[in-house]
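Next come two complexes built around chain A: one with chain B, the other with chain C.
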Partner chain A sequence: MKRGIHLWLLAPGLLLLAMLMGGPVALLALESLKPFIPGSMRPGEGWTLAHYRELLQPAYLVYFWETFRIGLIVSTLSLLLGAPLAFAAVRSPRAAVRKGLLALLVGLLVMSLIARLYAIEMAWGSLGPLAPLGALLGFAPRHPRYAEVLVGIGLLHFTLPVVALMLVGTFRALSPRLEEAAASLGATRSDAVVSILLPLAAPGLVSAFLVALAMCISNFVAPLVLGRGVVVFTTSLMYTRFADIGNYPSGAAIGITMLILAFLVVYGLSALARRLVPR
Partner chain B sequence: MARIIASPAVNRRALLGGLAGMAGAGPVFAQPRGEQLLVVMWGAQWIEVCRPIGEEWMRATGDRIQWELHAGGAMAVVGRLRPLWPRVPQNLIAAWDPVFAAMMEAGWMEPVSETEMPALREIPDAFFKKDAQGRKMTVPLSTAGAFWGYRTDLVTGPPIESIEQLLEPRFRGKLCVPVPVNLSGLLLVSLAMQRGGNERNIEPGWQFLKQLAERGQIGRVVANNSEMINAMSAGDLSVAFWNTGGWQAVRDRFPCRLLTRLPDNKGFLFNEGFAVMKGENANRVAAAKRFANHFATAPINTRYNMPLGSGPTNINSTPAPAIADIFYKPDELERFAYIPDYAYMSSQVDAWTRRWETEITPLVRRG
Partner chain C sequence: MKVALDLAARTLARLAVLAAVLFLLVPLLVACLLSFDDRSFLGAFPPQQFSLRWYRAFASNPTYLDGLLISLQLGLVAALIATTLGTLGALALMDPRLAGRDALEAVFLSPKFVPTVVIGFSLLVFTARLGIFDPFTRLVMGHVVITLPFTLRAVLASLIGVKRSQIEAAISLGASEARALWDVAVPAARSGIVAGAAMAFVLSFDEVAVSLFLSDAFTQTLPIALVAEMRANLNLTIAAVSTVFLAATLLLLLLLDRTIGIERLAGDVGARG
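== the complex of A and B ==
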């Protein structure tokens, strides 16, 4: 009886969730199975898996791989840069440093992404003053693959403040007394960080990494503005189909495939993290 | 899509008579109250020239004009409206030939006539797109074109006299080209014609494009006017294939040469203008037609086309002096210009886009 009451109490929330989240995804899944008639605005009759079969072509697998590869690289960089920033924002002995870092992170978060992306293009683009630095990563500024560097920097601007602010909460929840206790037992500061702090912060680090990854692989505007038309994420493929050629079924198939892949990657990474850092 | 909303000013009666007199279409302005219109227009210099025209119209008529900008190419709006039809809020859509063909096929457009829109009498019949019953379906505002061109300050060595020269090492990474969804694949048609093909025999174009991509000649792939203008203004790209509007913006800032009279290739011509969308609210459709008619009148048609670098369609309009070298004299048309089958091209864009994604982008990425 009690269980039944709980279910009834949950029902409005579940219904809302189903309508807001499940409904659109279900419609997208159905759309992905419809045939497309080129040059026509009218949907085809019947059902087909052709749009999914098309995505098995090597060229399309490369688009998925590139999206995840760049996303994983940027998420890793976000974590490597965001964790020290967050740690300093929490543990710096100087209040001005703590406040300054937090203000910087929040400032980056609220600043228009478009403005930041065009600033990156001006600074790091082929003729920008920072282009030689970008070239150190292996591509000449005029080489099409240099666009990957630009997109990576753009995504980093997007994810870094979010990751760092998430980790501020993680590090705040860890008592400084743990490090002090480790130090009193003879551990060096780096030992304390590696063997005490990081394992305790691992769940927060994994969460921040997964959020950064989700932000990267679903990003549309950074590849669009900085990708020079050669760094093409799956979001761009979807946009072209939905908006430019009106091929909704194909766009929907890419969306559903991306959703499944993202679930698998997130589930896989979470499982790996649980195995590496048992609670 | 970005929307720009402007409110009408209060002194509409004072301006009503003046504007009506200027347009020579007095009776159509005698409306008791204004209508809310949503008009889709391109960004960059298109919206810049339209905004003041719209504001004057609002002051004069009481209509409220809300501008919505095309995101990417004009064809994008078709895909966006499809799931919404017939409940679409847009009343006028600025578009061009292939997009008109797609919208006519879908049955979305309202026929137009000289009775309701007197300025259409001053536009040559050949510029109109017509339906199967021979009714005029578009409001042609511009004759525009798509051409190869280059910045003369950046191209060293002999001038470009044939697009075959684009395979030379000096153009490595220097080309700025559109994806097939932009200009409905005119780039491919241009390349195909260079090798003896056309829009229905497009394979030679793909082979030429692959050669360009394999040799690393393509430095940037752009998807809209702003991207093209920015790319060609930055200074690292020197050659592009794009429309007259984009070229005009680049020509305003840098010395350029448009390859409109190539001995072994052609330039492309097309019409841009308004499509009046069908709607349940007859007053609003009528207001949309009045606003489109205003753009078709000679003074506004002149003003609209001047900064776009495109040719006006109203026979009483004055073309910009700067476009004299772009457009063709009647005896040059057959030799240098080509008007492809845009309706056929719009039916091929989906297939061409897939082929671009699977065969060209990987080559361009390799550099």
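== the complex of A and C ==
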């Protein structure tokens, strides 16, 4: 009887996911193995790996490299800024600071990303008041490659609240007694954080980093809105394959590759990290 | 020496917090200020004269208003379905004796890590194959998939405090399993249900990638209209829209703080993966 009710509770969600995600993704995988006939919406007959082989050419690998390079920089920065932010939101002696920071993070999580990306274009774009600051990052605001800076800033705005809130959960789970104990043994506060807290928080830090990386490489809007056509992520590449050329099979192959990469980052690397960083 | 090092480290940490907060807030304030600019073009910051012209431009733009209506309907329908299914799933997954619980939870959370372009593209191919061409139906399908993990996760987080023994107690007093869940677990999950529904609505309301694949020329969501405009020419109407979004976010935050409390909310929506 008990097993019965679980089945009834789980069935609607599982059925929906199977029908609207599992089925379509399987179909996409099949589509990616079909030959492309230029000018036709329908794929050709037979099977081929050509669309995947095509992605291994340097001309395409560049896009994957660009996506991962910006993603790695942004996830590193979001960890460096997110950890102190989360720590202050959990351990600040002032209740108003804690609540203010949590409200800011939750507020950004629910605030429209499009509005935030637009705000970044206004603030950091070539006419914006922060452009001189952005220029310090390597390119003049009118330089085409400044788009990389803009996309990076946009992605950081997207990942930072998520990373910080994940780490809020990590730090909340660690007792403040640990730092107090270290302090009573003569450690300074920063000593206690570096030698006691951070090692214990390592699994949380690693998974926050990986989630940020997955969010970056799967993101579509930031390069679309801030990339000025110069920064092309694999997501944008896939969209143009479909929208501009109508090459469904090749778009499908890029999609399946991205899906595998995203799952490798989230599940594969976290399993590896768990092995390297024992709890 | 040790004390000086400690002071330096703590100052550095404070500066990082300050830098992060400024990084997150300043752009929003810039856009907010620009939305009241009286100039008819996008000029250098800061604006010299202020008016509401860009708000009037937004209110008289039929593309945006139609998009807003569609986005609101879509967000409500998707949030309703995703919250219902997510709550049901969470009620099953809360039982520690459920066989394969971790695997089942991973399945429910998996759409979070499927790139949204892939969800959009695969649903486009799939619905075309099935002969479903109604854009609103297609959009609801895509939006339910991407919001389901968030509602399930939020409800599950709020159920952590509920002990299996409480439900067993209700059953031993004669309640059916379903009745016990409804009377004991569902009230306890209220904060998670509200937080999950809010999160689902917001995610759907802001979604671009899935909608871009599944909408057509006549059924456009507000984000699609905004992104198209941003790519074509940067004008300040979008600054006005962004400021309206900002105000709506503050209102939602206030409402959620009153009903659930920020501290609890941070736990419910913050826990990821």
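One rule holds in what follows: the second predicted complex is superposed on the first by the 241 of 279 C-alpha atoms of A that agree within 3 Å, B and C clash if a C-alpha of one lies under 4 Å from a C-alpha of the other, contacts with A are read in each partner's own complex, and residues count from 1 in each chain.
Keep this in mind: contacts are C-beta pairs under 8 Å (C-beta built on N, C-alpha and C of every residue); 3 or more make two chains touch, one makes a residue touch a chain.
No experiment lies behind these values; they were computed from the predicted model shown.
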After lining both complexes up on chain A, report clash or fit for chain B versus chain C.
-> clash
Could you look at A:R53 and tell me whether it touches chain B, chain C, both or neither (first, second, both, neither)?
-> neither
For A:R145, is the partner it touches chain B (first), chain C (second), both, or none of the two (neither)?
-> first
Chain B versus chain C as contact partner of A:R69, first or second or both or neither | neither
Please work out whether A:R274 is in contact with chain B alone, chain C alone, both, or neither, and reply first, second, both or neither.
-> neither
Could you look at A:F242 and tell me whether it touches chain B, chain C, both or neither (first, second, both, neither)?
-> both
Quick one: classify A:L20 as touching chain B (first), chain C (second), both or neither.
-> second
More chain A residues in contact [chain B versus chain C] | C
Applying the touch criterion given at the start, work out whether A:L127 contacts chain B, chain C, both or neither, answering first, second, both or neither.
-> both
Given the superposition on chain A, at which of 127-135, 145-153 or 253-261 does chain C overlap chain B?
-> 127-135
State which residues of chain A lie in both footprints, the one left by chain B and the one left by chain C.
-> 125, 127, 224, 242, 248
Tell me, which parts of chain A touch chain B in their complex?
-> 36, 38-42, 54, 57, 59-60, 62-63, 125-127, 141-145, 224, 228-232, 237, 240, 242-248
Contact set on chain A toward chain C in their complex | 1-2, 5-6, 9-10, 12-14, 16-17, 20-21, 23-25, 27-28, 31, 80-82, 84-85, 87-89, 99, 101-116, 118-125, 127-130, 156-157, 160-162, 164-166, 168-169, 172, 188-191, 194, 207, 211, 214, 217-218, 220-221, 224-225, 235, 238-239, 242, 248, 251-252, 255-256, 258-259, 262-263, 266-267, 270
Could you please specify the touching residues of chain B with respect to chain A in the complex?
-> 71-73, 75-76, 78-80, 82-83, 85, 102, 105-106, 173, 179, 181, 216, 218-223, 234-236, 346-351, 353-354, 357-359, 361-362, 364-367
Show which residues of chain C lie in contact with chain A when the two form their complex.
-> 2-3, 5-6, 9-10, 13-14, 16-17, 19-21, 23-28, 30-31, 34, 42-46, 84-86, 88-89, 91-93, 95, 98, 104, 107-108, 110-111, 113-119, 121-123, 125-126, 129, 141-142, 144-145, 148, 152, 177-178, 181, 198-199, 202, 205-206, 208-209, 212-213, 223, 226-227, 230-231, 234, 238-239, 241-242, 245-246, 249-250, 252-253, 256-257, 262-263, 265-267, 269-273
